[in-house]
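Paired with subunit B in one complex and with subunit C in the other, subunit A is shared by the two complexes that follow.
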Partner chain A sequence: METLHLLSQGMIHIIADGYLTMLVIGLIVGMAVSVMPGLGIVMGIVLALPFTYSMAVEPSIIMLTAIYMSGTYAGCFTAILYRIPGEPNDIPMLWDGYNMSRNGQTAEALGWALISAFIGGIVSTAFMVGLAIPLGKLALQFSTADYFAAVFLGLTSVVSLAGASIVNAFIGLFIGLLISTVGVDSIYGSERFTFDSPILVNGIPYITVLVGMYGFGEVLTRIGRKPINFSKVGEPIRTNTAFPSLKQIWDIRETLLRSTVLGTLLGIVPGAGATVTSFIAYGIEKQYSKRRDLLGSGLPEGIVAPQIGSTASVAGHMVPLLTLGIPGSGATAIILAAFLLHGVQPGPLLLSTAQSKLTVYTIFASMFMAVVGMCLLSFLWIRVVVRVLSIPPAVLAAVVIMFSLLGTYANRNSISDMMLIVVFGALGYAFEKFKFPISPLVLGVVLGPLAESSFMQTMISHDNDFTAFFNGPIRGTFMALSLAALLFPVVRNSLSRRKSSMSQTVSD
Partner chain B sequence: MSYYAKLLIAAVGVAQLVAACPADAADVYPNRPVEFIVPWGAGGGSDQTARELSKLLQAELKVSFPVVNVPGGTGNAGMVKMLSGPSDGYSISLLAWDTFALLASRPPKWKMSDFITLGIVIQLPSGFYVSQDSDYKSWADVEKAAKANPDGLKVAISGFGSPDDLTIHQLAKQGIVLKAVPYAEPGERYSSLLGHHVDLLYSPIGNIGSFVSGQQMRPILFFSDEPIKGFEDVPTAKQSGHDISLPQRRAVIVKADTPPAQVKVLSDAIAAVVAKPEYAEFLKQELASPASYVPTEAAASLMESDLAAMKNMAAGK
Partner chain C sequence: MPHLGYIREVDPDPMSAPPQHEAPIAPAHDADPERQTVRRPLRTRLLAGAPYIITVVAAVLLLTKARQFEFDRVPGRIGPDAWPKLVLLLTIMAGVWGILKTFLFDDASSNGVGKQADLTASDAGQPDVAYIDEPEIHPARVWAALAGTLAYLWILHYLGFFISTFIFLAFVIYTGGYRRFTWLFFISLFGSLFFMTIFVRVVYVSLPIGIEPFSTVSLALLAILNL
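Up next is the complex of A and B:
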């Protein structure tokens, strides 16, 4: 009850003091950076940070949180429309999202994404705000072993990304993991696979691989497929967003429930972030959904699960930040910095006085408003994004390449990263040409460093005892799910083989 | 008017335009933005220090000092970026002691003579922390437990080869063997202590202030020569019989072959801004020592002695 009272007070505060403008600006910035390949959510928040110096603390945080929130959503537009993920967490959108779009159901795909972002955002925020204190404490229960188990589950989702050949998927995954080890290792500081090259010594950031292989590579693939020209080719899309009916939503209620719970809970794991959550949500769907065999061909479940997971993780990360002062992701680390720059320390102290408590609940209230605002804005936004389809492909290709290079440069201010983009673009083209799946490789590059550091920390902490990864409720559950994911195809194959051999014996 | 007359007028016009430009604009340093490299991600302690200085330096020298984050390899990536650029004085960098310690533990590709220190701008005492509800109430408890069970107590540090690691290593030489677990991300480091996944946390005080005032963590030992103001009841390492003091320091540096006149402009500007009340307020907020600033020459000798101490501590690793 007190929570509701504080929330409504916060909401009044936002409207009365004109913070709504900051909220809307934040949402627009978040949407803009997340549709540009290479320019990530974290980069968007970093770029906006200097503008908050002269503002008060509440509007600053409201704006940055809004960027974070809409950043986990808007990247799906480019994934669904052009097969270019705006953010790493949009990669799972490439399978069902893009395929739905190719099947002529673009409007439906966008509608499902919008509904998912809305449900994921509202439910998880409500859940986290209601249980802020106990859930914040739960975040502390996650040890490095639990974290490794969660990332491992993310890695096993490669089975669901396999497509035609599970062997190729694993080859891709391992190449990705190998790429992620290039550079100075984070634990002992030894140089690995650097060949004394100044480019390789600082490592290959996953954003470079992602943008290179998907953004740059996609352009190369399109140029390779047919001569690219300046005339209009995109077919005009009439309906911009088509909402699913209530019955359709009810039909996938299990997916909604699974993904929302998963997104919120994984959100509070420090370090997990929208990407891990999105992949795991998709992987779980591939394992346990009723229509799992058709997943990947363009089903709404394949859009709903990762999108809910991504958006739900925002609340999962904001709550530990506000209640404990612990940033669980890159984006929340910078929001923490914004707090500190204004002389405010997030943490239990923030909830101890009436005045600062109102600040916290104003931010909570702004998160609800951000979800609603984001969905309203996306109506207008989709119109703009869809119009991009009618831009001549040659111009669009140039624009994509420009943003790929710019965004990657902005990430670390490094020219050599721009060279790497071209290398990975060529690799992405080659993969596409020889029908080798790209996503397992990208998955390996994204999750590799997280898996490695949490694995090493656990090993150091437990004297190289392997059982440390299994002997707890959280890690045990994740590990059991991972093993199920890995063994499931083997068991299914052998079962179907036995069936077919049995029928053969009968016919013989 | 003849063609030549027009040409003459045009020529005079151009000459006037050229003359109108302030003649000194090209000579006066700095006349364009100076890049301020932070070899760590946005939001950390180094980043906050640089952003505060950037704001004040801009007011002082009337050009902007855009902060550029170049994270990676314990600050190595940022160092390499600055050292491989031109030495025209338009690129300065923040050097944290985590990066400086690399010279003692694993020699990087650069050396101390590659850069000039414009001044040490912040010094934070480091210490050991326990969670508020920990069974270890004091440093004496920890010492007793560590002696009874060597390598049994876990301490969260920022990484191997860092000043944190060197301190743990030095303690081991003195009979207190702790197990160091590296957490590169500050957030993970703090939650590992609050979630009881480690027994102790080693950290500079700056980032810990909120956890201490929020009664989530307690300092039990400071590695400083004098007791810390506000924490007078917490013993210093010296009082506990350990002659170890490796505070977290951060300096602003520039490439070694930068023209001396420009080095002087920059170091004078830093001396001027750190004397401002805003900066004193920033140091206070970070719980840094109020007399953090060390000018160029004194900084160089302090760094020599720190490096010698760290090499000594790293010996036998």
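Up next is the complex of A and C:
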């Protein structure tokens, strides 16, 4: 009851204080960036960040969360209509979404995507919001060692889910942790890695790292590549939406249930963003769906599973951020940065006073409204949204660079920060070129100070005893999960190799 | 997860699409048995190993630096150098691991150098989306954009925001391959005015006005735009 009461208060807060405008702007921006291949959800949030500097914390986070939410959905439009996936998580849409469209069922495919986004968004948000208070209470019992273990789990999960090359992910993570140590240390006041440069004495703001790596670095990567042919965008298309009947929805209830549970639970795992969730949801359908043999030829299940998985992951990421203060993805790392820029530290203490609790539940309420809003907007404006593809890539690159530079400049009115953007942009480009994942670095930078302070405090209070990180139920569990997360890629890779060698033997 | 850069159109034919034949969550290179048997040339392996070598060298240098941190040491208590040293040691270990994988085991999964683009997606954390990255074909454009941005930051102080941004936008759009010059001119002009207005009016940032005589132009524009 308390949750419902707080949610209703939050909704009133949004409507009465005019935050609805920020919500709608966020939804539109999220749709626009996710439709455009190469722009991406994270970059959309990065580019919107400077506009939040002069806002209060609630509208800022509402806008950024709306970008995140609608960003996991709108990319399916271009996947279904033009065979161009706006976001990596929309790739599975090509297999069944575009094939439905090719079979003359465009409106039905768009309808299934909309219904899936709606169900995935609402159910996972409701589930995770219900977990917020228990999670917050649990987090209040955390000692510094528990916090370190929780952060450690976050970092190891990101590394384990970063792809085939775990070495590259580790190196990225360690570089991120090192970047976070630059400047004056908070316990001893000692200067570290400043090289007598006044620019580095106050540390490297992680906004600079985020914007540089995700914004400027991405532009550098794109500018060197062959542009995509968007010639089909000008062709006349039907963009109306046909909703499935209740019977049709009931017929695929197992898919709906599986994907919603999977999306929500995977969303909690740090590093398992919309893309991983979307692919795993599709993979599970491929194995367990009644019509698995026909999957890929244009079945609703092939749209429903990845779309629900993508949208459900948003709530899964947002609630740990708000209740524990631990971001699990690039997008939530930037939202954390937006909180900190406003002097608010997300975490269990955010649920301790009535005022801050209202802030949290206003954001939760906005997530429900964002789901409804993005479905309404998409129903009305698909044709307008996909026109974003007409913007020349060169113009888009210039706009992104300007937003990246000015957004960082606006933070501290410092040209030096703009120089750092160029440095991190070049690093981001090098990471892309040599296939080092960026997310571990970014999370290392964001979580580095928390990891270090909890590590130092634990070591000082336990007389440098390393076992302090293991001998407790909470930290012991987190550490065991961390170990499992580290072993996961090793086991996965060896199983895959064994499978491929076995299949090769069979074919021989 | 972030972007994946340009995304190429994918063959939607269900008979050729990956989900028809294999679980989509399997990393793309795992189904490539040749990966373990075909060794890349030494030059390619050197290029592939360069990031790890640089990482190890940089980490060793920083470790030396970390030993010189100045602070009041308390007996029996770890200092501000403990955490960075721990991270640096782990970095060195990871770098050595990468070097061994590249040179001894010739594991092309460590990075994509010398390997087809089909490794890129899974390495970036996107399982089985092997075909979505386009290869780089204009490296000169990348360097031009980097140099142009540095030049922009340098001239910003002298020419002021409006004039520098106009030149910079035109440069980046041209570098990006856009060749409709009339549009290029107007996009740059209105783009710089747009950014000036947005960042002064909405974000409340004071932008550089430059030195004389450029500052006169900047001030006149600010007055005209009522900013």
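Just a few scattered comments:
Criterion: the second predicted complex is superposed on the first by the 276 of 508 C-alpha atoms of A that agree within 3 Å, B and C clash if a C-alpha of one lies under 4 Å from a C-alpha of the other, contacts with A are read in each partner's own complex, and residues count from 1 in each chain.
Assume contacts are C-beta pairs under 8 Å (C-beta built on N, C-alpha and C of every residue); 3 or more make two chains touch, one makes a residue touch a chain.
A quick note: this is a predicted structure, and the numbers were derived from the prediction, not measured.
Of the two partner chains, both subunit B and subunit C are touched by A:187.
By the document's definition of touching, of the two partners only subunit C reaches A:84; subunit B does not. For subunit A, the partner that touches more of its residues is C, with subunit B and subunit C as the two candidates. Look at A:443: by the touch rule set out above, it reaches neither subunit B nor subunit C.
Legend: residue contacts after superposition of the two complexes on their common chain; A:149 is shown touching neither subunit B nor subunit C.
Of the two partner chains placed by the overlay, only subunit B lies in contact with A:49; subunit C stays clear of it. Contacts of A:460 after superposition: both subunit B and subunit C are touched. In the superposition on chain A, A:345 makes contact with subunit B only, not with subunit C. Looking at the shared chain after the overlay, A:336 reaches subunit B, while subunit C stays out of its contact range. With both structures placed on the common chain, the touch criterion links A:328 to subunit B but leaves subunit C unconnected. Across the two superposed structures, the residue set of subunit A contacted by subunit B and also by subunit C is 53, 187-189, 271, 330, 413, 460.
If you check the complex, the residues on subunit C that touch subunit A are 1-10, 12, 14, 17, 19-20, 23-27, 29-33, 51-52, 55, 62, 65-66, 69-72, 76-84, 87-88, 90-91, 94-95, 97-98, 101, 109-113, 119-129, 132-139, 141-142, 145-146, 149-150, 152-153, 156-157, 165, 168-169, 172-178, 187, 191, 195, 199, 202-206, 208.
On the subunit B side of its complex with subunit A, the touching residues are 41-44, 47-48, 51, 55, 68-74, 76-77, 80-81, 84, 102, 105-106, 154, 159-161, 179-185, 187-188, 190-192, 194-198, 209-211, 213-216, 285. The touching residues of subunit A, counted against subunit C in their complex, run 37-40, 42-43, 50-51, 53-54, 83-85, 87-89, 91-92, 94-95, 98-99, 102, 161-165, 167-168, 170-171, 174-175, 177-178, 181, 185, 187-193, 214, 216, 218-229, 271, 273-276, 279-280, 282-283, 286-287, 295-298, 302, 329-330, 392-395, 397-399, 401-402, 405-406, 409-410, 413, 415, 418-419, 422, 425-426, 429-430, 432-439, 452, 455-456, 459-460, 463-464, 493, 496-497, 499-501, 504.
Listing the residues of subunit A that touch subunit B in their complex gives 46, 49, 53, 139-144, 183-184, 186-189, 198, 201-203, 270-271, 320, 324-328, 330, 333-334, 336-337, 340-341, 343, 345-349, 412-414, 453, 457, 460-461.
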